[in-house]
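Chain lettering (A, B, C and D) follows the sequence in which the chains are written, and residue indices restart at 1 in each chain.
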Amino acid sequence: MADATSIKELPSLTGLHQRRNPLEENPFFHPSHGFYITPSDVVLSQVVYDLSDASQPHVAYHRAGPRREILYEPSSVKAAIVTCGGLCPGMNTVIRELVVGLWELYGVREIYGIPAGYRGFYSMEAVELNPKLVHNWHKKGGTVLATSRGGFDLCKIVDAIQQNGYNQVYIIGGDGTMRGAVKIFDEVSRRKLEVGITGIPKTVDNDVGIIDRSFGFQTAVEMAQEAISAAHVEAESAVNGIGLVKLMGRSTGHIALHATLSSRDVDCCLIPEMGFYLERKGGLFEFLEQRLKDHGHAVLVVAEGAGQEMIPRTESQKQERDESGNLVFLDVGVWLKSALKEWWEREHPKELFTVKYIDPTYMIRAVPANATDNLYCTLLAHSSIHGVMAGYTGFVSGPINGNYAYIPLEEVAQTKNEVNTSDPKWAWVRSVTNQPDFETNFKG
Amino acid sequence: MADATSIKELPSLTGLHQRRNPLEENPFFHPSHGFYITPSDVVLSQVVYDLSDASQPHVAYHRAGPRREILYEPSSVKAAIVTCGGLCPGMNTVIRELVVGLWELYGVREIYGIPAGYRGFYSMEAVELNPKLVHNWHKKGGTVLATSRGGFDLCKIVDAIQQNGYNQVYIIGGDGTMRGAVKIFDEVSRRKLEVGITGIPKTVDNDVGIIDRSFGFQTAVEMAQEAISAAHVEAESAVNGIGLVKLMGRSTGHIALHATLSSRDVDCCLIPEMGFYLERKGGLFEFLEQRLKDHGHAVLVVAEGAGQEMIPRTESQKQERDESGNLVFLDVGVWLKSALKEWWEREHPKELFTVKYIDPTYMIRAVPANATDNLYCTLLAHSSIHGVMAGYTGFVSGPINGNYAYIPLEEVAQTKNEVNTSDPKWAWVRSVTNQPDFETNFKG
Amino acid sequence: MADATSIKELPSLTGLHQRRNPLEENPFFHPSHGFYITPSDVVLSQVVYDLSDASQPHVAYHRAGPRREILYEPSSVKAAIVTCGGLCPGMNTVIRELVVGLWELYGVREIYGIPAGYRGFYSMEAVELNPKLVHNWHKKGGTVLATSRGGFDLCKIVDAIQQNGYNQVYIIGGDGTMRGAVKIFDEVSRRKLEVGITGIPKTVDNDVGIIDRSFGFQTAVEMAQEAISAAHVEAESAVNGIGLVKLMGRSTGHIALHATLSSRDVDCCLIPEMGFYLERKGGLFEFLEQRLKDHGHAVLVVAEGAGQEMIPRTESQKQERDESGNLVFLDVGVWLKSALKEWWEREHPKELFTVKYIDPTYMIRAVPANATDNLYCTLLAHSSIHGVMAGYTGFVSGPINGNYAYIPLEEVAQTKNEVNTSDPKWAWVRSVTNQPDFETNFKG
Amino acid sequence: MADATSIKELPSLTGLHQRRNPLEENPFFHPSHGFYITPSDVVLSQVVYDLSDASQPHVAYHRAGPRREILYEPSSVKAAIVTCGGLCPGMNTVIRELVVGLWELYGVREIYGIPAGYRGFYSMEAVELNPKLVHNWHKKGGTVLATSRGGFDLCKIVDAIQQNGYNQVYIIGGDGTMRGAVKIFDEVSRRKLEVGITGIPKTVDNDVGIIDRSFGFQTAVEMAQEAISAAHVEAESAVNGIGLVKLMGRSTGHIALHATLSSRDVDCCLIPEMGFYLERKGGLFEFLEQRLKDHGHAVLVVAEGAGQEMIPRTESQKQERDESGNLVFLDVGVWLKSALKEWWEREHPKELFTVKYIDPTYMIRAVPANATDNLYCTLLAHSSIHGVMAGYTGFVSGPINGNYAYIPLEEVAQTKNEVNTSDPKWAWVRSVTNQPDFETNFKG
């Protein structure tokens, strides 16, 4: 086994001495056989194989979990936690469990929350955190620490880390935030600071690669059911009624796909990974026309990133770019709603027609994590703590094929998890909805 | 890769001819590259390795999914679906998706629901099922087909299968049901009937082995939060208040464990895999005494199978055995409630004390599946259909390390998924609750 | 008592003979003392008095409920039920209970649902309804009969009533619909048809007068909590975060007011009955500036009809009028959001600021009725049936001071229930939110 | 009007001087015309009349609300709040609003919570309360102050009031608590203390008289739907399945009645106000036998106080009496479950039969108040404050015919609100369920 397997190595702090894990002395805690994880414990990155293929080498990641030896003296730890970017169910659970885990498991007593995202490092007062304060945070949506976009000033951030003496930094955020975390890690290394840096990817869209799924995603899919259900009721209660729901997903359609498969009330699911078109044979209008004829109503789910290239842009919108230099997103739901109305008005001017458009974004992302995600966030936070305490740095924790592992931060920052439209899962959506295969139709 | 891997082979029907999968002709369905699964596509059973161990051979299962060639002529299929045992969220979704999948994907038109469990095969009229009839079943708890325990008369069942001409049988049920399914499979093979038999394990307790988890489990954990939350409120609102919640789990404590980790309001979680004791140093009473002193209240979660051996039995209870010859279960919640009251009355006769006992069993298992489980049930049902249509028999579908695979029915019927109390997950419960490590305490 | 009381008389059918209420023969139904309502049973319209005022005459309405004598031979009844206008929680419960009540209580067997609103009378096929069909409708949002706006063609409608032989017509709809119902009643009277016409006011806004509240209102207030809660989380998680929620209420702010009082997370509640202004001393911006300074965030609830006169209109919007000749409504939420952003950009260009706007309209109105409303809809439907069977026509049923009564249809169609901003309830909102008293400020 | 009306007079404090209501100086608060309530503003107690009866005098209660003149100097107020008895949704909202209302409306700064019920007055430390502390309490079930039964020691309580200098006492509790409050009021009067005493009736059973309904009741009915729905699913999924739900209601069946009317899944509703019997013609067994034959399943709702006299008592149970000297309650659900099983075993020994018994009591009463009840609790608390500040004492606030009024405490303590089984509402239950009219059957 060992020979054929290449392991993704992780950076480690170097200037600290090994010491016994204080869990050993925890009165309620008697680490038994199998409790500690060793450096040779790994998780395979690939679990599905085609045996007829030529032999592929296995790739493995270090398994997450408590180590018998750690590198930090708990009383010397000064930890900082920061949340960046948009809201996602479970952020508060992650914060809570970082605090409770550091405090209860390792006896760390100096834990600080950085308010309002990256800019909080250098422009706001940090908040001292303890188990009592965070006790009920997992039952609240959003992030008590507050968050913001941007504000990434590398030099000021690392200066602040240095000046405040933080030697563990837990960074919760999306892909932009993770790319920032890589830069912080690099700069911290360059300055030869003994600071453990770990990223906890937060993306309700579930577009982060390598790990099985991101926290908050299941909660989001759950909440999306309410919006789809309402759209379905609106559509059914009208004559030629269309219920249109826009769901999160700027570059990937995971929420739309999962919500569609879970709900069964959806007639067509549009995602960024699959082009679509409105007019012509095999297009959306033709499909909807048929559905309205057959059932009298239809429900449409569209991920926010779908169809961006089809939405007409004003001159100013052609110039407007976001912080990363990309064209700003336009609202596909609003556009689709009016395109549908124009189409019907043109084709069936005398017949009733209704489009009800629901954008549940903030009602989805602002809820507390459900039980599944709460548990996930707990394991995630504890995995992160164990890794940092053991001296790993520049890494991310996350489940790979169901098992928690440590992944180099850079790898996570660069990988994207897209819906694979040629695998059976997307085929299942098509089979459930019987929606057109736009790409094939188009080529055909 | 191939050399070192041993594959769990599946029985197949032999008397049928291969034919093209009708999905090929589905107008909305254009199977692209990567869509079909081949016999050489496998899922590894093990994903966590200790590389320092001697090389272990890989074990793999056939991957689930549509095959390019199938063995049944869809118009000749006569499928039967049966649900046995207790309720579990998602049963109706599985039934619905079996019906819709067979009908829409493969064009099968003869699909029958067997009412009221195994006995329905020979004592009741089957119900003809179609997509229109089952359209909203996934939004209903329970099983529309109805269910019952027992009633397993092998000969009569196989006679009924033969007489009614069922050539596909989908059996949804718990471990007893799966053992029955093995017998049906054996008898069908003995009679040389070309009948595909597949089992879909249903156990809200999540105690079925090999597969990642059983359907309905996440929904149950979610619902259990309500009961724990109510117990917490009752306990907090009293002076020396104990909230006691009994959760499902006859031989395994998965629901109790997951509900505890998700909730964070639990002070102590008792499961069948971990013995506990009441009196003496390190026991439950001592722990609760301390908690009441520190916080004024405590919440206790107990799996129904925990502590069975400690409950005093009347003479008649010592004789009473269930269908499998085991001693009948006694109600651990009722017993614990009165043991707690006696203890307090004895130790602190003048102080207030309250135990509020909640048994949410039927309010948990009777709800519809949540989004996560609805999606899971869909993939499970479709996996089963593809496998049966491809000619596999005597098998079970289920996710292994996150990927759907086919597993020999017999293997599933024999394997139990217990909580491993020496792995980090249980340690996390202990670290979250700081509850006593009864086993070590006891030995100590 | 009797002398000083004037009773609101109701029209009655005249050409039918009195007969015994079939409830008398219902085996499970033994009308005891106090069961039947007599014409002298009344409900007072006013219950709050200032005794120092000069003596005011009492006004009373006939009490709703079963009469010992009815005018219809049940086997001769042919009832029609129609739903018009927008969705409201409970519509399906009303339909269900009309069907079940007519069938089970009175033995009526011909009950028809008119699809898609008024136009369904003359352009679509009616649907035959019975208890089995409608059994679970009360658990569904929307209206299974479907609905639409407009389509009121008096002559065609009454022709259809006449041609189909409907002799009882139950009309569920908003104020426009009720005004239509008055016309139908008048035309039916003019044609001397023995047709009982009753209206069941449906307005999620709760803007219908005389009756205590309209069905679906409590459910809407309940659901609005989710949106407010999400807005609160979004606002709290940001730096200078504003959560903005638009709630239904075109001419009245009842939902906004009740949702605000129920939630307690709202800093300011804007309703149509109370003018407001943005700039200047005592205005909204000044208030928000202070709130952001004090708390770092604020939540704003705005009824859709508030501030209409302040929203700038394009030339075409100045022309666009709805079916009743009024200027079309503009989206106060979208306008307010951009006004807030401009204000901040102007006043504090360098400080962070976030407005999250939630429009939960369709997620509120499309849900099934909650228990409170389900019960209400049942009593409402049964009251209507008893009234029609007794021969009343041109009336509306509804609770007055908690007791069901019959009210002349015309009176209901003409009366509006507005929020009284000088009574203690609105004062309570102000005291809960401490929001500015715009009107006084303005004058001051 | 005035002549014919008799007003229920309220006790008032006598030793204090009138002063201006500080609301007059509240910057955000400009009491306009109609804002203040005067002593001549009344609410009629009766709103339904039979005009054919001889003239009845009107009875009226003083209307609740702010008075222009008050009796307390806010800075001299020292208020105590206590919660007694079992839990009920909304208790925390009442506490919160008492605190916020006293603080924000009147500027009171000394507000104390008495922990753990009456006994807390003399045996525990009071908790200082302020708006910040109670900010989110309305979102929590139970009572943060904690509660207990009994502990009523009149002398010690009034001593404690006197020693601590409380001059306003807000007592939240059930009928026993209200009777205690009357005694406290009497003793306080006897000692000539200038202490305003007000009761806020808390009874999830809704059995308190005079007022329209008690807080928490609507939430309880809402939550009961979940239990009934689960029982229905369990019953439907079995062969001859009975779902049995016990709901709160020791002497009155309001929750059972309302939950039944709201749900529509119930076949029979048993309440304390209506006797029932099992065997013989017209009894429960005969009815259930028919239902099982017709539908295959049945759902039974039983209020906890129903059928108490039919449950066999052991010798010790015949002696056991509660604090008031009444026989202790036995569990009607457990008894009914086993009676049903015995009956079936006797009558149909070979047929399948299942009874699933759900007791959701603690899951119902421990939830937070829903929006309807939250609003109600707010108005209730504010009404109480205004009354006490105005100098009323020995009174209760509550809605009468939809309008808040002040009622002499003693009157509330003595009146019981029972389900009137001869009025149309109970008839509606019978008509909805078609359940037997046990009393008539029995006599017949």
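One rule holds for everything that comes next: contacts are C-beta pairs under 8 Å (C-beta built on N, C-alpha and C of every residue); 3 or more make two chains touch, one makes a residue touch a chain.
All figures in this text were calculated on a predicted structure; none of them were measured in a lab.
Note on connectivity: the fewest chain-to-chain touch steps from chain B to chain D number 1. Note: Cα superposition of chain B onto chain C, rotation of 180 degrees, nearest 5. Taking each chain's centre as the mean of its CA atoms, B is the chain most distant from chain C. The distance from the centre of chain A to the centre of chain D, each centre being the mean of the chain's C-alpha atoms, comes to 46 Å.
A straight line joining the Cα centres of chain A and chain C is 42 Å long.
For the pair chain A and chain B, the distance between C-alpha centroids works out to 28 Å. In chain D, no residue touches at least two other chains.
Shown here, the protein chains touch around one cycle, each chain meeting exactly two partners. This structure has the following touching chain pairs: A-B, A-C, B-D, C-D. Touching chain A in their complex are the following residues of chain B: 1-5, 7, 26, 28-35, 37-38, 40-44, 47-53, 55-56, 60, 63, 65-66, 96, 100-101, 104-105, 138, 212, 218, 221-222, 224-225, 258-259, 261-264, 370-372, 374-375, 378-379, 382, 400-403, 420-425, 427-428, 430-432, 434-437, 440. Residue ranges on chain C touching chain A, taken from their complex, read 87, 115-116, 140-144, 146-148, 226-227, 229-231, 233-234, 236-239, 296, 352, 356-360, 362-363, 366-367.
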